[in-house]
Amino acid sequence: MTKTDNGWLKSGVVGGAGSSGGIMETSPWQATRFRVRYAETDQMGVVYHSHYFVWFEVGRAELCRQRGLAYRDMEREGGIYIVVAEAHCRYKAPARYDDEIEVRTCLRAVRKRVLVFGYEVYRTSDGTLLAEGETTHVIAGPDGRPRALPEKYQRLFERGLDPTAISK
Amino acid sequence: MTKTDNGWLKSGVVGGAGSSGGIMETSPWQATRFRVRYAETDQMGVVYHSHYFVWFEVGRAELCRQRGLAYRDMEREGGIYIVVAEAHCRYKAPARYDDEIEVRTCLRAVRKRVLVFGYEVYRTSDGTLLAEGETTHVIAGPDGRPRALPEKYQRLFERGLDPTAISK
Amino acid sequence: MTKTDNGWLKSGVVGGAGSSGGIMETSPWQATRFRVRYAETDQMGVVYHSHYFVWFEVGRAELCRQRGLAYRDMEREGGIYIVVAEAHCRYKAPARYDDEIEVRTCLRAVRKRVLVFGYEVYRTSDGTLLAEGETTHVIAGPDGRPRALPEKYQRLFERGLDPTAISK
Amino acid sequence: MTKTDNGWLKSGVVGGAGSSGGIMETSPWQATRFRVRYAETDQMGVVYHSHYFVWFEVGRAELCRQRGLAYRDMEREGGIYIVVAEAHCRYKAPARYDDEIEVRTCLRAVRKRVLVFGYEVYRTSDGTLLAEGETTHVIAGPDGRPRALPEKYQRLFERGLDPTAISK
């Protein structure tokens, strides 16, 4: 993706370009957009860094929804909780108030007890890459104990993964 | 309280001055202190206004604790949830990053199904009143339905109220 | 608006019904939609109350934008800051994770140094009114001192107000 | 440090044990304590993961303060901004509402344009390690451009570093 390319789909699956990123980025990227809230800025005049992890969650929820998985229902009906085990973000350029943001999310790994998501955060007005990140999640039951991801969910998640990337 | 008076107790009951405030402010004020976090500032260089409601909650929890009521245990053991029904804040002066803040909390009304808390927020370095607020809460069970506050909690809350202020 | 009416415009001006609310609610309501983020929930399983004030801000920004006023530019170019002086919210029903929310915003008063905004928060899936609120703002310069709202902004804000509601 | 050891200093420099951690953890750990706020929990009943990065910031500010560096003054007087370039957290066990938290912070590297901080988050009641993290920061001026850390700040930061760890 070039910096000037900002003709992305609105909350749709991003075709082509994004999925060519190499070994790790094996699933189609899911894009979702929103504007920076004033509450998210800090006195440096930019978005405070912890909010990117909230944006990652927005992207993650949207990716699940696009695969027919409402995370809300996974918790309520399935008793499946996706717990964050690790979170990482590299900040490239500041996001500012009222910027329209696009979070692009992909699934990097689907295992019985672990999911790995990757993220890219762009400013849509000029296509600047603002941040990149990754979160690793373990599957837990309502008691907080690790459990295996039920097969039906696993299959739905794997659908978007490149077959060569699936590991168990 | 004068602006230069900042000899408050740290997380203790505030004697005298604070409780002379009139008809509504009938219980001793409970004071708690902390510093403004960078994450709480916005690009205007001051604390974003919604965070004062979080600070009110910190004050409320401390007031409960001082009366031997861990709100955590009320939820866990008592199945009692104190749900916010109304929240109000008047902002007088801005709080800034790293300011030491004192939240003074009082109970303004204790009824079977309703609690009213009052708040004052000060900057301790110069005693400036930054904000005043009030929150009204209804008592609910784990199902979210209104229920009466059990008598033992009601008695503990009322203890700090001036007898003339108790209404049922 | 009835509880079952959820055929609102997406981020558009809400026609008719909303503006019939009486003396205070004199401007057309501006509607904007988004989903509840997981980060906004608390351990009661509902949205933590302080986030409604952030949602009000989202509604406020959208109302400004619809009138050709990017609040971002007011700050940057005009040196005009809209500072919150008072905030109030009444909570009617809980918002939950992943609910689609509609914030409807109106201007209740435009004065030389003061703006008053009103808000209604709905769950779009069933049209339930979740909360109502109001915020009062004073106009300040970059130094934080009160100043008059420049005429061009005042005119833009007043445009949406019923003429009988304008006071100076 | 063993899991049952919770006799830490309150907001003081942690002696001995903490600084024996190996090659990377070369500076004395700085400890600071606070309670989990209700607003920081999510519907899973635990602290939402992004808040740990805010806690890291609280620890970082306290470490600076202990070295005679008010970060607030670095910005205001020195025109020095410490911008987050990378943030990482590994979550070990959930923090819950009202838990008393201790954040232990150390400086892992001090370079002309880069600072690296390390963190450990403990629950004080039982000494459980809840999370570990690291943040990398670049020094910037008021214009957001990278600049060198002035020598006086560099010396103050380096003071706590083991001499063998200082790199330029």
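A, B, C and D are the chain letters, set down in written order, and residue numbers restart from 1 in every chain.
What we mean here is this: contacts are C-beta pairs under 8 Å (C-beta built on N, C-alpha and C of every residue); 3 or more make two chains touch, one makes a residue touch a chain.
Please read all numbers here as calculations on a predicted model, not as lab measurements.
> Using the touch rule from the top, work out which pair, A-D or B-D, shares more C-beta pairs.
Higher C-beta contact count between the two pairs: A-D.
> With chain centres defined as C-alpha means, what is the inter-centre distance between chain B and chain D in Å?
29
> Would you give the residues of chain C that are in contact with at least 2 other chains, written as numbers and ranges?
Each of 38-39, 43-44, 46, 50, 54, 97 in chain C touches at least two other chains.
> Chain contact graph: line, ring, star, complete or other?
Its topology is that of a complete graph.
> List the residues on chain C that touch chain B in their complex, please.
43-44, 46, 49-51, 53-54, 75, 81, 83-91, 94, 144
> Which residues of chain D touch chain B once you look at their complex with the stated criterion?
34-35, 37-39, 54, 57-58, 61, 70-72, 96-98
> Spell out the part of chain D that touches chain C in their complex, as residue ranges.
38-39, 41-46, 48, 50, 97
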